[in-house]
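In the two complexes below, chain A is the common chain; its partner is chain B in one and chain C in the other.
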Partner chain A sequence: MRFDKPRHFRQSMSWLHTWAGLVLGWLLFAVFVTGTLAFFRNEITTWMQPELHSARDDGHGLERAVAVLERKAPDAQQWSINLQGPRSPVMNLSWREAPAAGERRSAGRRGEEGGDADSGLEPPGGPAGRGEGHRAQDMQREGRGDRPEGARAEGMQREGRGAGGRAEGGRGEGMQREGMRADNAPRQEAHTGGERGPGSARPQRGGEGREMAMAAPQAEPAQAEARQQGGQQAQNRLIMDPATGEILQPRQTAGGNFLYRFHFELYGMDRLTGRWIVGIATMFMFVAIISGVIVHRNIFKDFFTFRPGKGKRSWLDAHNATGVLALPFHVVITFSGLLLLGFQLMPAAVLTAYDGDTRAMAQEMRGRGNANAPLPRPSGEKAALTPLAPLVAEAEREWPMQGVGAITITNPGDARATIEIRQARTEGLSSRGAARRMVFDGVTGEVLERPPVAESSAASSAWNLMTALHMGRFASSLPRWLLFASGVLGSLMVASGLAMWVIARQKDREALGRTPRGHRLVEVLNVAAVSGLLIAIAAYFWGNRLLPADLAERNLWEIRVFFSVWALAALHAIVRKYKAAWVEQLTLAGVLAMLLPVLNGASGGVHLGHSLGAGQLQVACFDACALVLGALLMFAARKVSLHVPRAKPGTKSRPAGASKAKKAEAVDELAAGLPVALKTEEA
Partner chain B sequence: MMDFLVFAMALAGFNALCVSMERHAKQVVGHAPDETKRRGFSALGWALLALALALAVYYHGASIGTAVWFGLMTVAAFIVGLLLSYRPRPLLGLGGAALAVALLLLV
Partner chain C sequence: MSTSTHFVFFADHRPWLNVSLRSVMALFGGYGLASMVAATLAVGLPLPRPDAVMTAIMLAFLVHMLAALWVFGAATLTRAAAGLAMPAALLGLWLWLLPVGATA
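Let's look at the complex of A and B:
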């Protein structure tokens, strides 16, 4: 397009849509795919820790949990139990040792710090500046992620670094320290390794704010640090099979959190930089959505239209359909994505009103002024703890829809023990952080109080709504599946848009008689970014099972597998012809994905036949999805391989007619396509 | 179950909307129904979608209900679009069946 002539509005928009889409489309595809998978990051992490697959719930887990805690932490000041649930088969236990005098207050702070990670409130320099370890550990720490509820308990569980924890070193140093991370890593590992076997991220049950207790690896470096810093409170976590009371020691894995982290801050660079890049891409996405709607013209008229087998027309239809059908999703996910990165992209509000202290703002936004309140002191008298099951049952009667998420027992075994039971999730999306709680007397089991829930303001309701939507923070799994489906459509939309750029310029190339360098670049990047990424993700899961379970820095190796395979795929895309590269890569991705259930069964996981029967739905769904998506990829590969380049002049365009004729044509095309495709391959 | 009801309604609604469009009606029933019929289908389609929204909000509350409604609409419309492209004939039957199921569940 030339800029020296006036253009029609729609033409300009079309130009904008094409180029805004192309320039960041490759990145957007990666963001869409990894982000879509991240809706199920807890389930993915569970799959990647086959040690947990056989955990069951027999309804008596609570007694076992208390028994374990009594054995392991009889003198603890506080116990926390995160119940198993639809998103996690295991119970997560943690405790906090009684502190030395005067240290009680440092707990809440850290909880707040963690809570910011997900909401985009994390201070940009923070995680980098802490120099706490390398990226993979950062990723595992994601357990700190969504914890809408109960900052208090979280804060306590999360103790371990106290005052020294808030690296103020922040912004400027982030970059410099970045380089040191890799070096720091082994040291950190060494520090924490022997303590309880291979550490593992157990960031599960996200969404509903129950992840907090699971940031095991994060806890460990934190612990190590705490020791280095002069022995602050230690914290301890265990993962328990609710049906047996057995303590599970899952392998170390980067898990679903790697994908989650990657989708908004990429990898291998400063987080700040990564977020800026993704933020810019998100803005381009928004521009592409708006301009796309303008260009489309016939949103309602062409709402259901898809005309297969018509070359460029079909691609445009597919691009339009995937865009329009999931348009609400695209708009919301892009806009909320921008909001989540907003504190980074537009820091003015935080800088002026809070002097740059994002944590202070987060705290005020969520109305958690009392997060630092000290725990009640024990009386010193011994008293037996009341059984938990009846209390949980009572709480469940009170919240039939929301369920019970976590139990915190303060001063267990003391006459002044209290038991706090917290909702697993809140009623709506706009009330993040407003989980209801019930506090019971730990000896008599009487209800002491039902703390009121603070009403959130209109602004923070809107914020909560958008962020909760973006993160799929729903009680039931259906909305998450719907988000997932829309995310798949979104990925297809981006991919079809990218493919279309090449297809739309077919005529130019024919006229020119060769492929210009720019076109070739787009071709290579298309293959590498789309099918290459899919292969890399499949390989990431393969790596998870094929790497030795006790490998040091295992999580890092998984990530290395991911990027090495992606790089190889890119190389392959350079070496091979466009179509051949597509066919081979899509086939490989499909095969790798379809064999994942087999791999799962063969490498210690619960295989599909068993997991379905035994109600291990997290694992079963992963396998089933791998099968279905793999099959779709194979189907796509076949379609591409059968594709006949646009009819040469001579074979006139087909009469657009009744569906029967179309079907017959499609069959003809399939039949005719094979030899032709083979011929072109040979040529 | 509730969600399935909402989904069935959305599916039936999109079917009706699809048939209310001249081009697609030809694909589905072979000929274009007359103007009044198409108007009727259109009204039925929108009404079903609106009812689906009302039900979703009733079951899930405003925020989650709307999100679920949009999500289910996406899936339903996608199914209708796919069928229309490859197997248009059974669409009307499917729409009717979905409507029947929805009404049954509603009662």
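Let's look at the complex of A and C:
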């Protein structure tokens, strides 16, 4: 099709669909795959720390947690306990030392600042949390090394990041927040962090904290640095087996967090640059999806059409089916991806409305949430802490669906102690960021308050609905698996689209008798980006187990394994022929994935036979998924190897004089399902 | 679909230039129009400020997507450009006419 000739609207859309999908399609595939895995990033991190696999829950973890905290941090100002749950087998304990006399004020102030910075910009319902100081501290704690980046300098202080160049994988959400801040953009996705926590700022923080802690157990020295740099109080954390009270020392790992961060800011570049690149790719995806819908007008009919074993037709059907089956997911995930980066990608709105002052916007939005009360001061009188279990039981009765995610105890051991309990997940889709809380008196155990969740306006509800679906923070197991499955379909859609570009031009190459350079480039990129990425991800998990557990910068080495293997796969794709490269790489990816459960059992993890029986579902599901996906990859490899391009006698052949370009276009349009009449008209 | 000979530009007849210009218009013109939408609606919508900003950003992304479809769907380059320029000009006028206080 040529734009200098008259043409039908749908032909234009078909062209647009093809090229908008192709030019950044390889990147989009990587974003889709890693983003899909990120739905289970906590579980992936758990798998990658076999030291945690045998932790279990006997229902008395809370008492043990309090005992540990009393032993380790008797004078702390605040204790936090993130409970074990369906997404994590361990309890995460952390505490915040009481500030020295002169420091209290400034710590408080700083905390508040952290508060605006984050919470406000959480557009909808506003931040539910009040303990802003806590938040700022978390950030600080999270900071264990990262690449030094000029753009971030501003946030440094809050963040208290350790020395540069380390702990890449474990980059904290704090940094993300900070990045946004440096950029002066609202921290829309400050909360993209801790999946595990409910929507509100704090619980999430808890979730992040967990991840951080898990990712870098050897964070001590860095923490010391952070303390020095930031001049703030230290925050300490421990991971505890709920059933034994044992403090676990998991290995350092980049974990699921690396995949999660890669999916929206890539790696090895300034994070804002990465976000711009992913944002632009997302816009291409959005255009490709909508133009695809326009082209495939007979969307429902197409959906029920599958013609296996028919070469290009089958690919087209597969592309349509995967596209249409999860079409609402694709549209929402793409659009909400734009929204999540929206304040950065579309700064014009904040520019006119707030003179570009995102802090001002943060503050205004925060005004809608709960006021941030200062932490209550201790009375100085000693008093025993009330047992936590009955309070948690009461909260569980209040929120039977969401459950309890985290507990914060302020001024433990003091007569003015308070205990705050937060939901494990948010309640509705439209109230992202608004997990409910209950506050109890720490001595008597009476309910002091049930802070209301701020109402969302129509605009913020719409926004929240989108972004909440993207992040799945509301999701219990079933919706999470549905999101995961939709992500897999999306990945298949992108991959089949890429493969189709090559297949649709088969006849050109036959007519030409060789493969033009552009086609070869697409072939190589297809193999490297699709099967190469899958091998790299599998290798990343292998690296997690094969690298020595006490290796310095272990998380960085895991990431190096990932990228080195990906580069090798790309080389292989260059050296080998297209079909051979596909078969070999898909086979390798399948074998690597299918052997992961074996590796897990052999390298300190809980193997599948045991994890299923013992209810270690996070680990068991990872292994089962690896088996199933690996088997599917092997199946795909077999199908490709058996595939013989069909000579098609009797298919309508173009006049001999037709240009090669025209043939490719014709095939494209056929692929797009355009009526033959249109094509002849064009000819 | 015949194009009116009136507004056909020489670049309309050069396939590569045609496609390149359309791509540039879709990427940068589309972004420009979307930014105008974001900038104007953020202050022009009769909503509380944060809501107006969120609505503006959501609509801006939709507009960018539609602008890309328009640019590649339009019969001629002139029409494609006009379809971006006219709404942008109207939005600019609206933004200019808004009382100064509204942007504070």
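Basically, the second predicted complex is superposed on the first by the 494 of 683 C-alpha atoms of A that agree within 3 Å, B and C clash if a C-alpha of one lies under 4 Å from a C-alpha of the other, contacts with A are read in each partner's own complex, and residues count from 1 in each chain.
Heads up, the rule we're going with is that a residue touches a chain if its C-beta (ideal position, glycine included) is under 8 Å from a C-beta of that chain, and two chains touch if they have at least 3 such contacts.
The structure presented is a predicted model; accordingly, all values stated were derived computationally and were not measured.
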item: First (chain B), second (chain C), both or neither touched by A:Phe474; value: first
item: Which of chain B and chain C A:Ala511 touches, first, second, both or neither; value: neither
item: Which superposed partner A:Met13 touches (first chain B, second chain C, both, neither); value: second
item: When both partners are placed on the shared chain, which of chain B and chain C touches more of chain A; value: C
item: Touching partner for A:Leu465 - first (chain B), second (chain C), both, neither; value: first
item: Contacts of A:Ile290 with chain B and chain C, given as first, second, both or neither; value: second
item: First (chain B), second (chain C), both or neither touched by A:Leu325; value: first
item: First, second, both or neither for A:Leu482, with chain B first and chain C second; value: first
item: Intersection of the chain A residues that touch chain B with those that touch chain C; value: none
item: In the complex with chain A, residue positions of chain C that touch it; value: 1-3, 12-15, 18-19, 22, 26, 34-36, 38-43, 47-58, 60-61, 64-65, 68-69, 72-73, 75, 95, 103
item: Sites on chain A touched by chain C in the complex; value: 2-4, 6-9, 12-13, 15-16, 20, 123, 283, 286-287, 290-291, 294, 335, 338-339, 342-343, 346, 348-355, 361, 364-365, 368, 457-460, 462-463
item: Interface residues, chain B side, partner chain A - complex; value: 3, 14, 17-18, 21, 23-24, 27, 30, 61-64, 67-68, 70-75, 77-78, 80-82, 84-86, 88-89
item: Chain A to chain B touching residues, read off their complex; value: 301, 303-308, 321, 325-326, 328-329, 427-430, 465, 468-469, 474-475, 478-479, 482-483, 485-486, 489, 658-659, 663
